[in-house]
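Going in written order, the chains are labelled A, B and C, and every chain counts its residues from 1.
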Amino acid sequence: MDKEKRKPTKPTEKMNLSSDSPGISFHLLANEKWQPITIPAFSILLSLIAAAIVILLIGKNPLNAFLNLLQGSGILPKPSYAGYKGILTDFLSLLNAMTPLLFASLAVAVAFKAGLFNIGVSGMMLTAGFTATVAVGYSDLNSFLAKPVVLIIGIGAGAVMGAFVGWLKYRFNINEVVSTIMLNNIAQYVFGFFINAYIVDPVSRQSRYILDSSRLTLVNVEYGGLKMDIPLGFILAIAAAVFLKFFMDKTILGYEIKTVGANRNAAKYAGINVKKNIILAMVISGALAGLAGVTYYLGYFSSIQPKVLSSVGYDAIAVSLLGNSNPVGIVFSSLLISIISKGSTYMSSIAGIDQDIASVITGLILLFSACGEYIKFKIRRLNDRQLERKESEA
Amino acid sequence: MDTIIIDGLSFALPLFIMAIGGIYSERSGITNLAIEGLQGFGAFIGALAVILISNFAKTDLESLFYLAIAFAMIGGMVFSILHAVLCIKFKANQVISGVVINILSVALTSFLTSQINKNAFGAASDKFQLGVSKRFTIGGLSRIPVIGAVFKGIYPFEIVIIIIAFFAWYVLYKTRYGLRLRACGDNPHSVDAAGVEVSRIRFTAVMVSGALSGLGGMCFAYSISANFSPNIYMGYGYLAIAALIFGNWKILPALGACLIFGFAKSGGYRIVQLMKLPSAYSDLIMILPYVLTLLLLIFFSKTNRAPRALGEIYDKGKR
Amino acid sequence: MPEYIVEMKLITKKFPGIVANDDITVQIKKGEIFALLGENGAGKSTLMSMLFGMYEPDEGEIWVRGSKVKIDSPNFATKLNIGMVHQHFKLVQNYTIAENIILGVEPMKKLAGIFPYVDIRDAGRRIEKLSKKFGLEVDPDNKIEDVNVSIQQRVEILKMLYREAEILIFDEPTAVLTPQEIEFLLDIIKGLREGGKTIILITHKLEEIKKVADRCAVLCRGKLIDILDVKETSTRRMANLMVGREVNFETVKKPAHRKDVVLKVSHLTVKNQEHFEIVKEVSFSIRGGEIFAIAGVSGNGQVEIADAIAGLTKVSGGTIELNDTDITNYNIRRRTLCGISYIPEDRQNFGLVLDFTLSDNLALKSYFKKNFSPKGILNRGEIDRYGNKLIEKYDIRSGQGVRTLVRSMSGGNQQKVIIAREIELASPFMIFVQPTRGLDIGAIENIHNMILQERDKGKAILLISLELDEIMSISDTIGVIYNGQLQKTAETKSLTPKEVGEFMMGVRHG
């Protein structure tokens, strides 16, 4: 028997769990059917409150700051726009930024379903982005050929790197967290070296801009008096999420990957090829990370800054955790994180809060999401206790 | 040859002290991937403390070095409480918790550094300048051929680390606390049955690892980078984890692993210098410790045995 | 001096959903061996856990040596000189025996008058003295992972004695021992009584009580049925009181009708991770309609034999033939399809995916078949229909039907899930490893009947169990394993438990 169960629940300030008349929020949280939505929402709420406190502490108005976030990301209209700009411009730009994040988060989620923690998405993105840049970015291939080739190279480069991590894990039992971090660092310096040595632009100190023909975002498209960036990869990212949902829930391969992730011993016992599934999951994860890489370096941007890893790979962990590794949940959580990071520039310029606050909020969301299981556990225990109380009263 | 030894040691020792912290945490049964974040946060607190003090008291930054170390250890320890609470009290997945802490640490320290620079000093910078701490040489011993280099150009923190490391070894293997701590990582139920609170031991073990990580981070800030900036997150915390894995979760072998990393790095730089390669090649040398980590892991992970209860959430009721 | 050293008065303890102890009163005299008899789940362990401070009673009082006490932690129980040997030993595997014994009460010394350190030498001396006194021989410098279960149990007893315990609680101490080791343990227990200790013995084995106990309390479903003087009560009466109805001592079993050989294992050798030969040149064959049991002390290679046949462990020598097909090099899936069902020892870590639903677990070995997943796409409706069919057929109890997470089910029902799945594979050969471990008597009977039914359908069955009683009562043939080698293979009827025990300990060779 669980000895813990007998201890009285300590009152938590976070949610008035131990009060005799739990509020509406508790009833919402207690409903297990809605928990996949209510608990992340609760985590977000907590982190926004925490962020608001941080903002208050540096002497700014948090409500204004949050409003600015929404305005900057094209969800709410700004008071004024420069020429050729409008809310639609901002919104498309949001989707442009969200595309790599969505791919990256799906990459984290697939690995997680197989019980693997892929922290190497950033390194894989860089590998894919660099390979595609060098192979296609400066070539004279026409647009209809160049874009698909970029995608294929991205998928390939990411998948190879993912397979390598999976192989290290299975063959040598190397913790994938450590190996992916090592690969991140190696990728960062190796590609940094090649960029600096061969394709650097002496003025911008970045790699030379790729040609528009290979870029996955159509830039400065004029429509209705506005100049907009249209992210072609966005549709692909949504399609990937839908496909992944189907793949995980409905196919034999998805079932096997999930079994390996939930209990590796039982999977082996049931005759599932654990090695194949670990590598397969990492290949899919790597391929998605590769897509994130090309939509980032050859879509959202058009050059690579040497010796810097994108933060997208880390944000993706937050997104995936928040979305409960469910592709549909991830679409929404990646939208949220994109709003925060995209809107932070505008907020920084209007409210004077450093835009790093965006990553602080993301980190806080991550922190509270990690407590999700505990919240669930607390609620279950409280439910039991209330039931007991009712029984003893009756 | 001398520079290889001097630079190698000054890189290996901070790594070593972080690895010892990791050993404390992991031998008590708590997976600690948070070392990277803890060392950064510790260094941030240490740097912030001395910057503020030197600003008010108008003292020289270098003389505040020991104060910086003390604050860094406190900072790392306080931040590690987060990991301890998540893993022990909230029963969160320990790997996730570690990663969360790393991400949060990077975000928080970058944000706070630039915000403080802007608000307190009116400067737009993401750095706290610290300078490099003074080195010293032990006269007689340094004249011994080859090995003498060990006693040349020593950073004061190297001595601090050696003293603390020795003390940590003693506590872990000789004292009552150490005996109980290592038992927690093998079979927490036995510790519980002996009437000792498992969660308290684990909690303190994680805090020790936080303090030691903070110390390591501060040493890097005072040597390699000469400042605190988000660039302190170079993955050295993960190198420390790799070192403790080859070291089979034991202190002395972990020292060996750290020395290999240190000399690989300093040796690599020396080769670039000797071959008169352009400086861009030093980027390629930077990957040496990481590649070495992967290679060593390939050779050692199969034979090494992690503490039996590592990463398992301890539930008293479960039998 | 009061008449009773321990009195537990009107103790009630509730857990969500059950009353584990209901108004129980027991009084224990100093220097006696007091037994607590009852089935699994009768509330014996709960009652003693309260005396040892692991739980606190909801109602009732505990008196020790004539004064009322509130035992809120094992530490306090230790202070009252109460010690307990738990059913699952609580030992640190990579520590020496001495380190294990002193954990929590380490003798300290100071180096140079300043630095405290654990004085392991002094501990060693004290342990040797204690072990001589009570006939509990151990080498304090051996590591736990290098000594057998019987020695580990001695370490647990020494742990109590080192803490100067006067009241010693033994929770099912004989479950993992051979008959000879049991004899030895019972002698030690008697010796402890002679040394002035008071002993409380929790068990469901009547012979042991008959052999050593002075008095015995019978518990059934949380209630105290009676307190008996052991000498004056017959074993049958105790048994009937324990179960609350007439008990059949023998499982009703038809004689075996052996058919053709289904499984043939020849010269099987298995190495463990350290390249040590844990199974050496083992050969046997099992016919249809026969239950072949491997008896042995835990860790002598029997589980490795099962894993090797099922394909979970690599074979380093020998062959395995199933229905005259050499399957030695087949992978796990292919072996399953050839006709092997496997009920593994560790049901939670191997047999089930605890975070999957009931229907997913029932389909764990057949989800890929045409009817469940045409063209690689899972047909959820069909899988659920199949799940519902099995739930009904095997009477699997769960909260939310096929959607229930297996984690939330009881141990007995979890085992039913595995057995249902494996029987439905309709394999000609089935492996059962420790199929009844940790289950209560009702569930055990049920599972024994299922195994016998499968045998009577003509299946070949390999049974691996640490419970000699189980093997004696349902198997047709016994192979006794010691140190990775089969010592003796014979008809069950031709062997006595004592003989089997001698082979298990390697003191007799066939």
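Quick note on the criterion: contacts are C-beta pairs under 8 Å (C-beta built on N, C-alpha and C of every residue); 3 or more make two chains touch, one makes a residue touch a chain.
Since the model is a prediction, treat every value here as computed from it, not as a measurement.
Engineer: So, comparing C-alpha centroids, which chain is the farthest one from chain A?
Structural biologist: C
Engineer: Which two chains are joined by the greatest number of C-beta pairs in contact?
Structural biologist: A-B
Engineer: Where the centres are mean C-alpha positions, what is the separation of chain A from chain C, in Å?
Structural biologist: Each chain's C-alpha centroid was found; their separation is 46 Å.
Engineer: On a C-alpha centroid basis, what's the spacing between chain B and chain C, in Å?
Structural biologist: Averaging C-alpha atoms per chain gives centres 44 Å apart.
Engineer: Counting only Cα atoms for the centres, state how far chain A is from chain B in Å.
Structural biologist: The computed centroid separation for chain A versus chain B comes out at 28 Å.
Engineer: Two or more other chains touching the same residue: where does that happen in chain B?
Structural biologist: Within chain B, no residue touches at least two other chains.
Engineer: Two or more other chains touching the same residue: where does that happen in chain A?
Structural biologist: As it turns out, chain A has residues touching two or more other chains at 1, 3, 5.
Engineer: Which part of chain A faces chain C closely enough to touch in the complex?
Structural biologist: On the chain A side, the touching residues are 1, 3, 5-6, 249-253, 255, 258-259, 262-263, 265-273, 384, 388.
Engineer: Sort out for me which residues of chain C touch chain A in the complex.
Structural biologist: Spelled out, the residues of chain C in touch with chain A are 15-16, 20, 46, 54-56, 310, 312, 331-336, 342, 344, 346, 349-356, 360, 364-365, 367-368, 373, 376-378, 380.
Engineer: Chain C touches which residues of chain B in the complex?
Structural biologist: Chain B residues touching chain C: 170, 174-176, 179-180, 182-183, 186-187, 189-196, 308, 319.
Engineer: Chain A touches which residues of chain B in the complex?
Structural biologist: Spelled out, the residues of chain B in touch with chain A are 33, 82, 86, 90-93, 95-100, 103-104, 106-108, 110-111, 114-115, 118-119, 234-235, 238, 241-242, 245, 280-281, 283-284, 286-287, 290-291, 293-294, 297-298, 301-302, 315-317.
Engineer: Across the complex, what residues on chain C touch chain B?
Structural biologist: 73-75, 78, 86-88, 90-95, 99-100, 103-106, 108, 115-118
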